[in-house]
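After this come two complexes, each holding chain A, first together with chain B and then together with chain C.
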Partner chain A sequence: MNRISARQLFFFLACIAPVGKLVLMPAQLVHDVGNDLLFPAAINCLLQSGAVFCVLTLVRSQKSFYTLVAERAGRAAAKIILALLMLFLFYAAIMPILEQSLLVQNIFYDTLPSVLTFAPFFLFSLFLCAKPLSCRGRLWDLLGPLAIVAFVGVLAFSVGQADFGALLPAGISGVGSIFKGAARSLGWFCDSAILLVLLGKLEYRKGIALRGMLFYLLGGAAVLLFLAVFYGVFSDIALRQIFAFTKISKYFSGITVLGRIDFLFIYLLAFVMAFYCSLPLHACVECANLLFGDGKVKTPLYSAAVNAVMFSLTVLLNLSFLRTGEVILYKLFWIFLLFCLLLPVLSVFLRRTPHEKF
Partner chain B sequence: MKNFKRTLGRIPLKLYLFLGAALLISFFYNDFGLVDIQKTAVILAVGVDRAEETFSVTAQIAVPKGNDRTTGGTSAVEIEGKGKTISDCIEQIYYKTGWVPKFVFCNLILLGESLVREDVFCALDFFLRNEYMPDSSLIAACEGSAKELLSSASAIDDAASLALEKLFSDAAKNAGTVMKTTLREFAVGYYGADESGYMPYVHALDQASGTDGSAQETAEGGKQNVAQTEKIYSAAQTALFSKGKMVALLSSEETFLYALLENNVSTGSFTAKQGEEARSFTVLREKGKVRLNIDGFPSVSLTLRVVLRTNDRASASPVGDITEGILSREELDKAERTLTDLFSSLWEKSVLGGCDLFRLNRTLYRSSPEKYREWNKTLLFALQPDFSVQAESVN
Partner chain C sequence: MNSATQTAVTGNLDTDADALRRKLPAQDIFSFPFRSERGIRFLVFFADPLTDKELLGEQVVRPLLRYEGTPAAAQVGENLTAPERRAESALDKLAEEVLAGNPVLLWEGMDKALVVGTKKVFVRAIAEPTTDVAVKGPREGFIEDIKINTSLIRRRLKTPALRIEMLNVGRRSHTFVALCWLDGITPQKTVDEIRSKLRRIDIDILPDSSYLTHFLISRPHSLLKQVGTTEKPDIFCAKIAEGRVGILADGSPIALTLPYLLVEDFQSSEDYFVPSNRASFTRILRLLALFCAIYLPAFYIAAQLFKLQLFPVKLLLTIAGSIQDIPLSPSLEMLLVLFVLEVINEASIRMPKYVGMALSVVGALVLGETAVSAGFVSTPAIIIIAFSGIGLYAVPNLIETTSTLRLIMLLIAGSIGTYGIILFTAYLLVCLVTTENYGAPLLAPLSPLIKHDLRDALVKYDFDALSRRPVALRSRNKRRHA
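Up next is the complex of A and B:
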C-alpha cells in the first residue's frame, strides 16, 4: 500500500497549505483588524501548528483515525465522529472552492463569464477524489517546488512597492478585535482536520510531529510575510483588494516594459490552489470510504456525489458569496474551532503510549 | 444478482462519460464572456470633465490600422458620453458605438479643470471599483477641458494619450521633471491619515503647423485642406490635492524640489539665478529626509543633501572647467539659496491649501495615534519647518 512519506507531508505543510490563504483571507483580515492583520494570522498559525503537532503524534501507531477512535471509544462512537468529520470537511471545502471559482471568473477573464466556466474544475476534482488519498503524496512532491517558485516570484515582484510602515501603529485595533479577527479567519486553517483523515496513510519517521509543526510554522511565516507585503503595497485601500496574490505584483516597474509577466507566477499559484482546494473534498470521500466501505464502484460514486453537490452549491451561491462568507466564517466560526482545533488537540489522548518520543 | 453487480460495475465508466459529456457540453455552450475584438473598444485613456451635476467622459479608443486618420502607428478616436455618473457616461459610449468598452489597457485618467475643483473621487470611485480597470494607470489633472486635451492633435505622436504617457516615463521621473502618480497611490493618500495627494498638471502648447493640414469633407461633398494646430504637452507642474480637491499648483521648479525631497531624482538639473547671472547644475546624488519630532511641541525638519556638477555657466569657460565641472563655494551657496527659496514657496503653498505633501499626519498617526487625534486638524498650520540644504561639488 502506498504511503505518504515524511518529505511529502512536509512539502504539504510548508509549501501547499499556505497557498490557500492568499486569496481572500488578506482582505478579510483587513476588514476585521485593519493594519493589525498579522496578529490574527499569527495566532491561527501558532494554534494550528500546535494542532498539527498533536495529530502527527499519532502517526507512529500507523492506524487510521477511525481505528484509533474505535479502539478507545468503540465502533459506534468512531462512526459518529467520522461521520461528523466527513460533513465538516465538505462544509470546510465550500469557501475555498467558492473563492477559487470567483478568482477564475474575475481574474482570468476580462468580462464576467458564465458560472459554467468553472465547471471543469469539478471534473478534475471528481477524478482526483476517486483516487486513493495517498496519491496526494506524489502530487505534493511535484506541487511543493512549483508553489515555492510561484510564491517567491510574486513576492519578488511586489516587495519593492511595499511600505512596511503602513503596518504601524501595531495593535491599534485592540485585543478584542484581534481575537475576533482570528476567530473569523479560522476557516482558512483546516489543515489539522485534514491530517486526521491522513492518519494511517502517513509513513512514520522519528521526530515527524515536531518537524511537521516546524514546517507548518515555516509555511505560516511565509503567509505572514505575504500579508505584510500585501498591506505594505495597498495600505488604506487593502480592504478593496480581494484576490490578493493576483494584485500585489502588478506594480513592478518592469511590467510596463515586459507586460504582465507576473501572471506566470499567478497561474502557477492558481494551479497549486486547484489541488489544494479539492483536498477537503478528497478527505471527505476518504471518510465515506471508511464509513461505508470502499471499492472500485463505491469510491467513484462517493466522489461523483460529493462533487455534484459542491458544483450545485457553487452555482447557487455564486452571487451570494458575501452572505455565504458571513454565515460560514462569522456566525458558524465555532464549527471550525471544534474540528480544526479541539478535535485535533483532543486526539492526542488516542495515543497508547503517552511518553513515547515524537 | 450477478447481473446487478455487473451493471453496478459499469456505472462508474458510464457515469464518468455522462458527467464528462454534460460538463464539456455545458462548458463549451457559452462564449466565456469573450467579446469579438471588432466589437471591442480598447480604451487607451479617459478624460473626465464635469458641468454642474453632469459628468462628461471622453474615451480615447484605439481603432484598427488602415483608417484614414493615420498612416501608421496607433490610430485613435475620441468618443464622448455624458451622464449623472461615470458609469452612465460609459454606457452612453457603448450605445453610441456598439463597442464594448474595455479598460484593461487604459493607462491614463485625465481630470479636467472643472472636475478637480470638487472631490475627484466622485469620478474616481467608478475606476476604483471597476475590477477590470488597472489601478496602476496614471492619473493627471489638466488645464481646461480633458476632452479638448485628449482630442487635440499631438505633434509628437498619433494620439494625445500616447504623447502624454511619454511625459510620464521613468526617465522623466528620474530627472525630476514630473511627479507622476497612479490611481492606487492617489487613493492610498486620499483614504489615509494625510488625506492628501498630488498629480501632474498637464497643459497643451501650440506647435505652429500651418502646412500639415488634414483633409476634411465639406457639406457639398468636396474635400478641402484645413490647417490643424498641433499640440505639444507639458506636465512639469504639479497639482496638490487635499480631501480630493485641487488646492494648489506647484511650478516646475517647486516640482523639482519636491522630487528631490521624495528621493526621486537621479539625474536632474536645475538653474540658479542671481541678478544677471544664471548657472545650471546637474544633481548627481541626492538624499532628502523629512523628520517629524513629536517630543513636546511637534516640529519638522527637512534636510536635503545634493552632490552637484556644473551643467551650464551660460558663458565661455576654460576647457579644464568644462571637463571637471567643479563648483566654487560661491556657486554652491547660490544653489543652496535657490533650493531654500523654493522650499519656502513649496511649504507655503502646501500649508495654505491644507495639503499634507510630506505625509506628516500619516507619520504622526503611525508613531502616536493619541497625538494624531489631538493634533491632526492643526498640525500643518502649527509646524515651523526647519529646512536645511547641503550642496557639495563633485570632486
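Up next is the complex of A and C:
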C-alpha cells in the first residue's frame, strides 16, 4: 500500500478525474460559449494533459516534490513552495465541495434540506484524509471500473435523446469567447497539481509520462463526449441544467415503467465523486505531513483541521455559491493557471538528467 | 531434597511420588503401585476419566509384572507393548501429561519417568458439518479432537512437505493448537509471524479456535472478518495448498486459515466440482444476494422518506396503498420487522428442535400475517426484510458482519437518506481497502487489482487457467499444476 502503481494512476487519470467535470462545468460552459462548449473543454484537456506529462516525467526519480525542490533550490524554498501548494489545494477544493454540497441538497432529497445534511461528507473525508495518500491507489483500482460502468450507464440512457446537430454551427461564439470560457473553467482542471503531491508515491514504469498523458486525454475525450450528449439532449435549455449528469438521462423512455433506474448510475457517480472531492483535501494533509511532520496523532489532527475549516466554509458560502463561483472561477482564475499549468510545466526543470527518456 | 521444592525425578520412588502427588492433588488422579518379579517397585499415575485403563493394564502393567531386567529406562521401555512412550524427568511436564490423559510410569532407582500414550479418546463421529453443506463433493467435517482432525488433513495431503506443529495455548487449559502449512509453498515469514503471535498469547483457557482470531489479526476491533474459517478438511487442505497457514485448536471443529481474502467467502467447495460457468453464475448470484440483503431495506426506507422518484409509478401506488394506515414511520416499521426477524432467528437456533416447527408457525404465520392485518406493519416491509434475511445466508460465513451492516445501513438511511448510504459505503470501502493481514490485502484480487487472481475470484475460469497459485498469497512455489 506504500506505492501507487502505474495502472492505478491511469485509472485515476482516465476514469476518476473526468467525474469531477460532470456537475456544474457543462452548464457553466454553455453559459460562456453556448453550443461551442466542446472547444474550451478541449483546450483545457489538452493543456492539462501536457501538465500531467510534465509532472509524470519526474516519477522516475522516485522522490517527492518537496525533495526535488529542496535538492535544486534548498529546503527553505521547498518549504515555501509546498506551503503555497498546500494553500492552493485547499483553495482548489472549495468549488468541487460546494458543488457536491449543492448536488446533495438538490438531488438526493425531494425537499431542500439544510446544508448540514452534507456534514457527514466531512466525517468521511476526515477519516479518509487521515489515511496514507498512497491508499488512494487501491481505491482507484475499484473506483475506476465503477466510474466506467456509471458513465456508460448514464450515457446509454441519454444518447438516444441527443440531437448532435445542436452543436452546429461550430465556432460561432468566437475565439475570444472560447478562450474566456477555457479560462473560466480552469478551476475544474487541477489534476496536475494533485499529481505533484503524489510524486514519490508513484511507481515508475517505462513510458509512464506519455501513457499518463494519453490516459488523461482519454478521460478528456469522455468528458467531451458527455458534453456533446448533454448539449445534444438539452440544446438551448442546457444553460439551466446544472448538475448535468443527474439530468441528462431523465428523458429515457423506460423510466415510466422502471422508475428512475438511471439513479443507480447517478448514485454510483456520486459515490466516485465523494472520493474525488476529498482528494485535494487529502493532498493538502499530505503537504502538511511533509511540512510539519507526520505521526499517529499529527496526521489525524491535520485532517480534522482541514476538514473542519472546509466544513465551516461550506456552511458560510452555501447561500452565496454563485458569488463564490464568480470570484474563484472568473476573477481569480489566474491562480489555477499558476498552480495547475505553470508550476507543473516548470517542475520539468527539477529533473537531474534532462535527456533521460520518459 | 524436599519434595515440595523438587522439580525433577530423583530415582527415589517415594520422594518422586510425593512430589508428583503434591502437584496433582485432585481426587480423580490415581496412583497404582506394583512390583515386578525381581522386586522392582513401579508406580503409575493417571487421570481416571481420561486414561484408558484397559490399555494401561494390557500394555504397561502386565508386561512389567513379568519384567526380570534392571531398572534402566531403555530396558523398561523396551518391555512395554505401548507404541507411544517417551522419557521425561521434569515434574511439571509429567503433571501436564497426566492431566492430558497420558499415564506416567515411575520406578525405583531411575531418575526418569516414562510417559505412555494410552489416552482414552472420547470423540463424536465424523459427520457433515451443518455450516458448510455441499451437494457435490466430500462430506467429512472436522470434529473436536485435534488428532483426528490432523489425521483427516494428513490423509488428504500425503506429502512430507505438510508440516504440523503443535503449540500449547492457555495458561490453565493447555490446549493443543496445531499450526499446519506446506513447506516450500507457504511463505516462511507468514508461518513465523503466526507462530510467534500464537506463542505470545496469554489467556486462561482456549474454549474455541475463534478465541485465537483476536490475537492473529491486525485490526481486532474491526467489524470486518479477517480470518478464514472452515469446518471441512477438503477446503482446509485446498487453502493451505494455495499457500495459506491453517490453525486447528483442540476442542474446536472450526479451523482457521490465514491470510484471509474476502473473495474466499464468495467461493464454495462445490464451485470446483461443477462446470466453471455454473460456478461463476452462483458466485455472482451470492454477491448480488448479499448486496440486496444489505442495501434493499436501506434504499426502501431512503426512497420512502427522501426520494419517492426512485419507485416506478405503479409500484409507488401499490406501496402508498399498503402503508397509508400504518401508524409507524417507515424506518421504525422496518426496524420493528427486522427486530422480530432477528429474534425469531436467534430463538430458532437456540430452542429445542421439537418446538422449532411450532416457532416457525408462530413466527411466520401468526406474527407476520397478524401484524399485517392488524395494520402494524405493511406487506412490502415484510417482503423486503424476508428477502434480506434469506439473502444474507447466501454467504453464511459473513453473517456476523453483514447483519450488523444491514442494521447500520437501515439507521443511516432512516436519518440521512441515500447520501448517507453512499458515504457509509465509501467509508466501508476505505476500511476494506486498507485492511491487510500478513501482506495479503483483504480485498485482493479486486484491490489491488491482480489480473491473474481474478480467474478464481467472482468469476471462475476453467481448470487449465488455474495452473498457478494466487499471487496475493505470495506463495513460494507458484505453479499448482501443469
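Everything below uses one rule, namely that the second predicted complex is superposed on the first by the 357 of 358 C-alpha atoms of A that agree within 3 Å, B and C clash if a C-alpha of one lies under 4 Å from a C-alpha of the other, contacts with A are read in each partner's own complex, and residues count from 1 in each chain.
Methods note: contacts are C-beta pairs under 8 Å (C-beta built on N, C-alpha and C of every residue); 3 or more make two chains touch, one makes a residue touch a chain.
It should be emphasised that the depicted structure is a prediction, and the values quoted were computed from it without experimental measurement.
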Chain C versus chain B on the shared chain A, clash or fit after superposition: fit
Which superposed partner A:T67 touches (first chain B, second chain C, both, neither): neither
Which superposed partner A:P169 touches (first chain B, second chain C, both, neither): first
Which of chain B and chain C A:T117 touches, first, second, both or neither: both
First (chain B), second (chain C), both or neither touched by A:N318: neither
Chain B versus chain C as contact partner of A:V104, first or second or both or neither: second
Which superposed partner A:L139 touches (first chain B, second chain C, both, neither): second
First (chain B), second (chain C), both or neither touched by A:F263: second
Which superposed partner A:S5 touches (first chain B, second chain C, both, neither): second
Which superposed partner A:K131 touches (first chain B, second chain C, both, neither): second
Chain C, chain A and chain B - angle at the middle CA centre, rounded to the nearest 10 degrees: 100
Gap in Å between nearest CA atoms once chain C and chain B share a frame through chain A: 6
Chain A residues contacted in one complex by chain B, in the other by chain C: 109-111, 117, 120, 123, 256
Residues of chain C defined as touching chain A within the complex: 306-313, 315-316, 416-420, 422-423, 425-427, 429-430, 433-434, 436, 441, 443, 446-449
Touch list for chain B against partner chain A, complex: 8-9, 11-12, 15-16, 19-20, 23-24, 26-27, 29-30, 32-35, 100, 102, 104, 128, 131-132, 134, 136, 170, 182, 184, 187-188, 191-192, 365-369
Contact footprint of chain C on chain A as seen in their complex: 1, 5, 7-8, 104, 108-111, 117-118, 120-121, 123-124, 127-128, 131, 135, 137-139, 141-142, 256-260, 263, 267, 270-271, 274-275
Residue ranges of chain A in contact with chain B within the complex: 106, 109-114, 116-117, 119-120, 122-123, 126, 130, 165-166, 168-169, 172, 234-237, 240, 250-251, 253, 255-256, 296-297, 300-301, 304, 308
